[in-house]
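Some structures are shown below for you to check.
What follows is chain A paired twice: with chain B in the first complex and chain C in the second.
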Partner chain A sequence: MTHPFTAALIFATPLVVILAFIAMALLDRRRRGFVQGPGFFQRNGTPIAIFLIGAAVFWALILIVFPQLYMVDYSFHPKLPQIKRGGPEDIYTLENYRYFLFGSTRNTDHWNTTHLNAFWITIFVSTIITIVNFAICYPLAYFMAQVAKPQTVLKLMVLLVIPYWINEILRAFAFRILLGTGGLINNVAIAAGLISEPVDFIGHDVALYAGLTYAYLLIMMFPLYNAIESLDRNQIEAARDLGAPWWHIHLFVVMPFAKPGIASGATLVFMLCAGALAAPLVLGGPKTLWFTPIVYDRFFQAFNWPQGSAYAMILLLTCMAFVSLTMRLFKVSLSEITR
Partner chain B sequence: MSARFVWRLMLGFYIALFFAFLFGPLIVMGVTAFNTPDYPQVWPFEGFTLDWFAKLTADRNLMEGLVNSFIIGAFVVALSVPLGLAGAILMTQIYRPARSLYYLIVVSPVLTPGVIIGISTVIFWKDVTELTGMQSLFNGIFLATLGQAAFISAYCMLIFLSRLQRYDRVQEEAALDLGASQTQVFFDILLPFLRPAIFSAAVIAFLSSFENYNTTTFAILADKTLTTVLAGRVRAGTTPAISAMAVVIIGVTVIGAIVYEIVKRAELRREAARANALAAA
Partner chain C sequence: MSADIELDRVTIRFGDFTAVKDVSLRINGGEFFSILGPSGCGKTTLLRTISGFLEPTEGAVRIAGQDMAGIGSNKRPTALIFQNLALFPLMSVAENIGYGLRVRGVPKAERKRRADELLRLVALPDQGDKRISELSGGQKQRVAVARALAVEPKVLLLDEPLSALDLRLRQHMRTELRAIQKRVGITFIYITHDQGEALTMSDRIAVMNAGHVEQVGDGRAVYDRPATPFVASFVGENNGVSGIVEDIAVGMASLKTPLGVLKGRAGAGLTQGALATIFLRPEALQLCPPGAAPDLTAEFVNSAFEGNFTLVFLRAANGQPMTMSVGRGADIATLAPGAPVGLTFSSADALVLPLSRNE
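So, the complex of A and B:
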């Protein structure tokens, strides 16, 4: 059980923030007089106003903020049996984070190379997959948004929407059939005499990376298409008339305009890749390094929930860093990314 | 051969390649569901069979998971659509300086890996149910619903927000001038205006819930859903029965997606017709 003082802090802080904003709003209102129309309750009617506030508080606080704060708190506690929790041994500690760095809760002699490598590889590969997905999707998104006839676009859209809803696990499974040692590609290659021994695509992580690329392809496609679609075709014509070569048009006209879509697709693909669980579980070989399954194992194999929370925190911070970096880099706002 | 022709050829080749990549693995998987060998195999095709489908219906765990997935999906729709609606309406009215913080909080689950939402939900509710003595609430279906609703509500909110951008408050003022109460305005003007968005949000919410794995696998505790059973099976070994299941799921999804599109188009057409009639009058 969480320390009562911490629990009080977790529950009280958001309420203080809300009260502060309400106080500010009331002060603002008084200062401006009654020029600005009816208040919240008058505007919506009391029953609806109560529903709106109740629902938003339930969602924002009980479903989102409190659980996240609880997880933060949990990650700074030692692993203890149920009875000892909340007792004198339940102190605040950095041991879970220390374990991530050094592979031991006490000494700091050696780096925890397995977990650190998995972490870096996850970030690195997710970044590469994000870029690859952009490269694969951009031409088709551009073609659909600016070149193709409406009828063609409609047909292509249907073709894209159908696979969009297919489960991540099944996508991974499809790649296992394709790339397993007894899979289609190996069988065909052997029959054609290209190779004599089956290639271990799964052991070499080829299957995993291909599967991840595949799984999140359409996540990149739709924001990209929406962004390019709203570009006025006259701008492209103008650039062409002024003698811009085709790659200039893409690099200096279309892409800058589609920035919000690119940022949106990139953050989502990166987040989904770095947080992917099904694909690494299904397509990972015995030596595969991916961060999410390690988090998963903290819970279900080591039964070390505080440590799992700490690992989850590390993943969360990484994703937050990536999102804010993308926002900086592309100079877009959060509302543009999540449109 | 003109340069234009070469361009077109390259473009066609690229599009064909793209869709081959998109559909190829799925088609391969589909074919293995009908082939006789124990290992999912496309080629050589040794014989046509439907046995793998028959095996599915006899699978207790799978059926139990399927039922749970439907129950959770229904709960998530019932929870996320109202939450998303309230979240969106509040977004248009909230005190300005508080808006960006509010937006950041309610949209953050979209940008958070699903495993983290699942983990934090379990940790939070374990403590809450222990503190309040409501241990019966600490069950998989309840937690999976709440965990999924945390981010699915955000999808719903984004759908409502884009619809609300086109909302004309003049109608609302007219109704109020004619003596309607605010509550009547909400039910008789705002909700009917939002109906297409409510439909979209419900469909998206159900599909997202149904196919979710990352959040569910933590929040479901000892229970099971279709996706967690599926993941267990896929990890345990590859059999064509999984391919058969995939064929069924893909079939259902495709039918669902098509029905959804048809209903949505019909709604749009009706709306356009209404707008035309108004313009003519």
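So, the complex of A and C:
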């Protein structure tokens, strides 16, 4: 199905990159002329070292790099029946990307507004949800990391974690039950006389956005908590002693210190949100636009794998570009996040 | 510029624990005032109360006559130097110093000018652009002082800031801090457990123990005329011998001890027949000249040569260890462990203090 040349390229590229890194490491070692401490094999023993390297290679190459590269290749091919693959019609083409932009594989007369809108709404709403998550988590993380007594922190941790023992889809359904037209919130509000007609939370995407916000709360919470917890309390007091009001301390002492935690939390929440599938499927209304279900449909409803690959690539690359741009904007480096 | 500080019957409790009990102090404007005490005596709690991080459970803190109750630490005319300095690691030296001014809305150029000025004051000229991590311990110390002085406090509070430095640097920073205080002329309140620091820098010292103030006075008063047995044994070395007061006359007291009747100046509150302790400084003890009657006898244990003097460790007749310091001229080389040593002292150099109620 794939051209032999392309297949060779897909397998060779990562190997070349790996070999280049090994060569660089060897060169560096030779130039410095010494080896720091015992080697990886001496430290772990040969069998364990081989297993560790093998497992890492398997995970990185077989599970991540090769499938992704295959998807790249897929995305540049036309949709063909099994029998015609590799034949004369199986040429490199941009038609899948063209379809995303114009809704047609041939002409470029009209924009594919449905998909484009869904795409931008996904990116935009994910950004908003990330910001909302930060706004919810920061005060709580600060309270837990700097203010609360250890017993209180423990209780809060348990309260935060227990809901996540429940399956993601069930949690999404719980939101549906709460926010449906016949749901708990509408019933209570009508009974209390606040509203006369039930509000269509699901149709207006309120349920989806609330569910997504809730789904990734912990993912924001823990990096933030870790970052703020390592801040020396004396620095907060020093700032206060020098006359700083509370908002100044947070803005110029706590947040800059917690920046790596904020960045990793925000990156994770944004990426997961933009790639969320379960919540949009369960909580989305009839008119809801979310990009991931569209990608899913390309693969499993339209059975158009090349187009699905193109859509997945577009989402992945846009998210990566957006995240690295934001990080550049806030002057965070990748090494800080992974710290 | 400087301001008087008044602590009026301040008590601070944390739950059941009373960290500071009924402390009243008056610190004069422009004074270098030390609060000296062992760790856990409540001195840091007291400092945090003055700076506004804690509110007194009872009593009042007044700065320049104004009651500080309900006034947060960011609104008080005090600046605190933390034990670990708490410099902001992500800001440069100049940004650290300028932080308090930035909070007050001082424009950037003015902040830069003030930072340069303060860096010269603390003898770190042209280091404003450095990162905090590039500084040595002593330099960080100076930056912390400059940062605190930048907000022009009326009172500078220092919480054992020198404790992390090595001995030589610490001694150097003592003189430095004292000089800075003289130059800026504001009140310094210095917390320490190191009596050497307190004695060398301070105008006056308050000695604290277990949450209360035992004595307030200048270095000489605290060292020569300790008011309580705690002060006598905490400030400087002291040999205490306990006994019963036999007789008090014209300011002198005789104490009947297991080592014989010893005579010294009578401290306040002595009553005949009560338990008391006589304190003999190592430098007050002398070797008894041959032929004279010794006031005390003890046996030689060993000695430590300290350069300009030698410490002699002795064991008194009742088994209690004693320390004596002798000058270079003293002949102790011939003494073997266990050899009897006769000691004399001038009763004017000895002090008899009553055992306090809580001991």
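Assume the second predicted complex is superposed on the first by the 298 of 339 C-alpha atoms of A that agree within 3 Å, B and C clash if a C-alpha of one lies under 4 Å from a C-alpha of the other, contacts with A are read in each partner's own complex, and residues count from 1 in each chain.
In the analysis below, a residue touches a chain if its C-beta (ideal position, glycine included) is under 8 Å from a C-beta of that chain, and two chains touch if they have at least 3 such contacts.
Just so it is clear, the model here is predicted, and its values are computed rather than measured.
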{"item": "Three-chain arrangement built on chain A, chain B and chain C clash or fit", "value": "fit"}
{"item": "Touch count on chain A, higher of chain B and chain C", "value": "B"}
{"item": "Touching partner for A:Leu315 - first (chain B), second (chain C), both, neither", "value": "first"}
{"item": "Contacts of A:Lys331 with chain B and chain C, given as first, second, both or neither", "value": "neither"}
{"item": "Partner chain(s) touched by A:Val253 [first = chain B, second = chain C, both, neither]", "value": "second"}
{"item": "First, second, both or neither for A:Trp59, with chain B first and chain C second", "value": "first"}
{"item": "Partner chain in contact with A:Phe175 - chain B first, chain C second, else both or neither", "value": "first"}
{"item": "Where the C-alpha centre of chain A sits as vertex, the angle toward chain B and chain C in the overlay (nearest 10 degrees)", "value": "80"}
{"item": "Which superposed partner A:Ala244 touches (first chain B, second chain C, both, neither)", "value": "second"}
{"item": "First, second, both or neither for A:Gln68, with chain B first and chain C second", "value": "first"}
{"item": "Overlay on chain A, chain C to chain B nearest C-alpha distance, Å", "value": "8"}
{"item": "On chain A, positions contacted by chain B and by chain C", "value": "none"}
{"item": "Residues of chain A that touch chain B when the two form their complex", "value": "1-2, 7, 17, 21-22, 24-25, 28, 40, 42-45, 47-48, 51-56, 58-60, 63-68, 70-71, 74, 136, 139-140, 143, 158-163, 165-178, 180, 182, 184, 187-188, 214, 217-218, 267-268, 271-272, 274-278, 281-282, 292, 295-296, 299, 305, 308-309, 312, 315-316, 319-320, 323, 334-335, 337-339"}
{"item": "For the chain A and chain C complex, residues of the former touching the latter", "value": "232, 234-235, 237-245, 248, 252-253, 256-257"}
{"item": "Sites on chain C touched by chain A in the complex", "value": "51-53, 72-75, 78-80, 82-84, 86-90, 99-100, 102-104, 147-148, 150-151"}
{"item": "Sites on chain B touched by chain A in the complex", "value": "11, 14-15, 18-19, 21-26, 28-29, 32, 39-43, 82-83, 85-87, 89-90, 93, 95, 97-98, 100-117, 119-121, 123-125, 127, 130-131, 146, 149-150, 153-154, 158, 162, 181-183, 185-186, 207, 211, 213-214, 217-218, 227, 230-231, 234-235, 238, 242-243, 246, 249-250, 253-254, 256-257, 261"}
